[in-house]
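Below: the structure, in structure tokens.
For reference, chains read A, B, C and D in written order, and residue numbers begin at 1 within each chain.
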Amino acid sequence: MSMNTFGHLFRVTTWGESHGPALGATVDGVPPGIEINEEMLQHWLDLRKPGQNKYTTQRREPDAVRILSGVFDGKTTGTSVQLMIENTDQRSKDYSEIAQKFRPGHADITYYQKYGLRDYRGGGRSSARETAARVAAGGIARAALDQLLPGLKITGYMVQMGHRKADPTAYDLSEVANNPFWCPDAATANAWADDLDALRKSGNSVGAVIEVTAQGAPAGLGAPIYGKLDTDLAAAMMSINAVKAVEIGEGMAAACLTGTENADEITMGPDGPIYSSNHAGGILGGISTGQDIVVRFAVKPTSSILKSRKTITLDGENTEIITKGRHDPCVGIRAVPVGEAMMACVLLDHYLLHRGQVGGAGGTLAT
Amino acid sequence: MSMNTFGHLFRVTTWGESHGPALGATVDGVPPGIEINEEMLQHWLDLRKPGQNKYTTQRREPDAVRILSGVFDGKTTGTSVQLMIENTDQRSKDYSEIAQKFRPGHADITYYQKYGLRDYRGGGRSSARETAARVAAGGIARAALDQLLPGLKITGYMVQMGHRKADPTAYDLSEVANNPFWCPDAATANAWADDLDALRKSGNSVGAVIEVTAQGAPAGLGAPIYGKLDTDLAAAMMSINAVKAVEIGEGMAAACLTGTENADEITMGPDGPIYSSNHAGGILGGISTGQDIVVRFAVKPTSSILKSRKTITLDGENTEIITKGRHDPCVGIRAVPVGEAMMACVLLDHYLLHRGQVGGAGGTLAT
Amino acid sequence: MSMNTFGHLFRVTTWGESHGPALGATVDGVPPGIEINEEMLQHWLDLRKPGQNKYTTQRREPDAVRILSGVFDGKTTGTSVQLMIENTDQRSKDYSEIAQKFRPGHADITYYQKYGLRDYRGGGRSSARETAARVAAGGIARAALDQLLPGLKITGYMVQMGHRKADPTAYDLSEVANNPFWCPDAATANAWADDLDALRKSGNSVGAVIEVTAQGAPAGLGAPIYGKLDTDLAAAMMSINAVKAVEIGEGMAAACLTGTENADEITMGPDGPIYSSNHAGGILGGISTGQDIVVRFAVKPTSSILKSRKTITLDGENTEIITKGRHDPCVGIRAVPVGEAMMACVLLDHYLLHRGQVGGAGGTLAT
Amino acid sequence: MSMNTFGHLFRVTTWGESHGPALGATVDGVPPGIEINEEMLQHWLDLRKPGQNKYTTQRREPDAVRILSGVFDGKTTGTSVQLMIENTDQRSKDYSEIAQKFRPGHADITYYQKYGLRDYRGGGRSSARETAARVAAGGIARAALDQLLPGLKITGYMVQMGHRKADPTAYDLSEVANNPFWCPDAATANAWADDLDALRKSGNSVGAVIEVTAQGAPAGLGAPIYGKLDTDLAAAMMSINAVKAVEIGEGMAAACLTGTENADEITMGPDGPIYSSNHAGGILGGISTGQDIVVRFAVKPTSSILKSRKTITLDGENTEIITKGRHDPCVGIRAVPVGEAMMACVLLDHYLLHRGQVGGAGGTLAT
């Protein structure tokens, strides 16, 4: 995990800028013999694609992914897979002002401070467009997981937008695909629609919380001490643009619990251990328990807003900026498929790591 | 970052179990010429040491660190530094019951499910005792940072225990060392003392939130995309025992903000950019801004409690367990020096990475 | 250094097959502000390009490299650089027979044994075409080195073909570009021309030895113990297709020397230490001395020959094969620019590593 | 593979100086359930131990290895194993002169030039004593291989000392343990004894060539492109002190062969492919063929000799030095067990990597 690479054995290296000729991912360590084609990956990219409804940016990218290597006769060969998405809707002229001014909340100023220069077109490398490459790579991870861990199911959904939270007692995962917010609670989705209409008209934006769960993961994934499953999930989610927090299971609320409340009691079921609850989010000591793996992350509001904000120029002069252009009022919406992709990458990586170190062995309680 | 190793250039590999002969850290990539001695490292270990007051476990370990390599004539040589802490207060007999039963909330069951066997003495490798090695390694990082970034100051403190939060308007960092909770708010510290007395008597435990800040860090630390400073901080903190969530700046609360509220406006000051606020926690696009770096993490309540909990045996039989022994009612207290150590390791690592890739160059706004 | 990635801080990940749509390299850790353009990289690729004379394969690839990311306004931005070379002269039909038969000396059988399937078109991932990506990446390394270590000069040349060696007393590096063999000794080059004409007509091939030197490298590059400069050079060169041995300085001949013969004596010169000889090849204890760095590697004869060889089919039946097609009679010739590229990558990587760990410090004798 | 760490999944990090309190290895990624005890590791260390006969240094170290972590009830637990060897025979006073003078052929000057300071006691970190830690770690790798690949047999032996080579037609591996040179040819061993007696009396030293073979390794170990089995073997052997060259199979002699001579023809045998010869040294395209894996490396003559050599002081003054003390006239002898250990580490690492990526799958020809 260094610079532009994520993962241990299943390793994803992404490249590309928002407004360069293309972006993509180099995916290494892919198990051989996995059925992959561009349509399968395109499916996931289309879910992330902007411009699908009025709540996401109107920038229209076909985001068509091409497989340039590592797949032969429809199957992975075990060698590095190159995924490329060409940038077709670049409109560089939209971004002329930001060449001279730093947009508050963006990485413009830090890239400049670090490197002494930056690609100012649409955020360059720091653009959320990089996440398209993750979603494509995640598609490969999902295909491998489908074959290696057939019962596994990864689902992401939005559980909070601004101050309004979805109602956990009303979660219905079959509802997630029915609304533009990936919300598991139809009533909240409707309320969010109204909230977001108002925000968009006012030129403002808002934050969100995404939850991603993995059902059907086996016990035993993860490794002490710095390759813990939750450690890698935290890194995976925190590396997504605009994410400011990551929670596992109870998350921050674990601080409020007592030991008796928090301990998930164990009894023996017909197929292995059963837990009275899942405060742990499916992970103990960095290793999966076989329960649902539950991760949440908070996405800050889109920093590009149609409100004037104070900033400085390249020359250090005080000025103001309004970030015109086509921006999502709640960038968290489009983070849902990205979070799913990162979950898939982490789980596949840890499955391979486990298989490498431990092989088919393991405790007799393993489910 | 794989298995028992943390970091890119400044790399810490820890080893050792709770009740084996010793534990320690192998520290690689240390800059040469840094003044280090055992007393300097012992200072940090003593802060973490249990048994110092009634709120931490009465297990009495001297936790004396020895430097076995990499230091000559009082200075680091640039080669790998080995730090060893011998375990002297082992009392293995205290742990005989847990050889047969899995303690709920502990990693007993997952280690067993993963590896098919486990060192059951005091949690073995999953014990929080491993964090002593991190604190020792963090002492080296701090010494290097003192020399390389003399203005940098890292401070950790507890801001929440159970439902009771310290009052941010009353934070006084000079107060942190004056109470057994590392609390920056004396009034809250007193209230926590009462809370914890009651909990301890009842044999229960409680969670906590720790905040760690770094003041005086330069702009430009961190690297896109998967080696972001916040990504590595999230991994660092999540890898600490019992941590369930990590926040940067606003953290989960970023979800509630609008774009206008969240954007830290920029103006030009005499020595570089000045920000109107620090919702970002000092990091934009994964790179430090020069503001305070602010990280928080939640620690779950100690899972070892004097309350009977349902569990199963190695043979899959239902049973109950009371985890006797000497346990902290709020393990979060002792996590404070650990969080500081991890912050130090991450900042030094990113300083070296930056110096490696960029050298002395950088934007003219860099402070 | 794992799977398809080479390097520590300056990291090159290559991808692509011989007869897929494209191949390339993802280059991470590039210092910012380095002037790069496609012409600069094309220069090095053209040197490696096949079909330039009768001694290299007549496959005609333009091998045009495109920069897809990481460069803006003609300078590197510090983010990952993607280099892509499209395959235009694929002629897949040439390779139909080898789908069913394993070519002796090739990786056909081992890829199949490892992965259970393989891309049989022209060797797929195991083709020497992969080295085009290395040469392109090496072009970036060279540009960075030109800026960071302006006195450094990397030169590769062929010193042996079959049993005929170039005469070291006649080496003239200015001669290297004057003959199709990169030979520093014009007389030997003429003899090789005759040797190779005969071999080519007979449908056979022959091995070679390449030497690569770096003049003007500073003292202090390299790191104990497993990141030694010679360790990384050995890995770099051995990873090139068909290489079977790597030597540093005296190489295998060091076995024949006595201690008095081997020790390069040291005296003080006007600008630093001067050595009486360079048996060490410029590296002591894994760290550069400031002398010329000297590496040699042996390349086996091209395995694709127009002679019938015994082999087996996918089904395990005995058969014979003649590898028709356009093949180099001495693949070692085209390995020269590849060896130079690997030297450049290793030196830049170690320069950045050194700068990261040690900064501008170092011993007073450093030159 | 960075700095003091070697390996991908099975990772060995060594630490310690020649004359510090101790040295050792932190071994990560060990499969769980492997039977290990100190006696098993001591067996291998005793083979390497100095002072066993008149041909190796008379420094007498018991080299007693302790296991400090990662093993419980006689089996590995899957967590990091710490191996420690205390230095008991330090005699630092022997080394007072070299604090001020650089020994030609040693790393004294390069460590100083790199780091600006050095541990001058007995070479510090650059001492061949570091290899004791490798041998101990190799003992763990061997134990794991015994369990995972029961038919595998690793044997190292010396095949050349000075100009005198063992006779390949007379190799008898059962002879290796019968002479102090690990020579597979008894007649040559006798001649070497005379050679070395003369050299030792004259205060000189000599180089050597070691060959290490692995019989019974399965096909399919290794990975393209930069994690090739031969790439990692080259790095492993080149990282050993005083090694100047590494050969696989034909090695440098491959340059002299024609394609027809070099191609190992394939026919189908009862249990898988059979090869007419093994010029490849058991590796094609970086992946094992199932034939014997054959590696050779050249060790330069001991640089510490009782002959006066020109050198400079720390202050840059010209002087001379005679390296008194207890030194091996042919350090290559003691490199034999080290080469075996590195072979074991590389093979285990690649076995785990293969199992991780590919699992139990593989081509039908796999043996």
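Everything that follows uses one rule, which is that contacts are C-beta pairs under 8 Å (C-beta built on N, C-alpha and C of every residue); 3 or more make two chains touch, one makes a residue touch a chain.
Since this is a predicted model, take the numbers as computed values, not measurements.
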(message) With contacts counted as defined, which of the two, A-D or A-B, has more C-beta pairs across the interface?
(response) A-B
(request) Compare the CA centroid of chain A with every other chain's and tell me the farthest one. (result) D
(message) For the two copies chain B and chain C, what rotation in degrees overlays their C-alpha atoms? Round to the nearest 5.
(response) 180
(request) Work out which of B-C, B-D or C-D repeats the contact pattern of A-C, with more than half of the residue-numbered contact pairs in common. (result) B-D
(message) On a C-alpha centroid basis, what's the spacing between chain A and chain D, in Å?
(response) 45
(request) Can you check how far apart chain A and chain B are, centre to centre, with Cα atoms defining each centre and the answer in Å? (result) 26
(request) Would you pick out the residues of chain B that each touch at least 2 other chains? (result) 2-5, 14, 29, 32-33, 78-79, 111, 114-117, 125, 224, 358, 361
(request) Would you mind writing out the residues of chain C in touch with chain D in their complex? (result) 1-6, 8, 14, 102, 104-107, 109-117, 125-126, 130, 160-163, 199, 204-209, 219-228, 230-235, 237-239, 241, 244-268, 273, 276, 279-281, 283-290, 298-305, 307, 309-312, 316-318, 332, 354, 358, 361-367
(request) Under the touch definition given earlier, write down the residues of chain B that touch chain D in their complex. (result) 2-5, 11, 13-17, 20-24, 26, 28-29, 32-33, 66, 68-70, 72-73, 75, 77-82, 84, 111, 114-119, 121, 124-125
(message) Touching residues of chain B toward chain C in the complex: what are they?
(response) 9, 29-33, 78-79, 148, 224, 352-353, 355-361
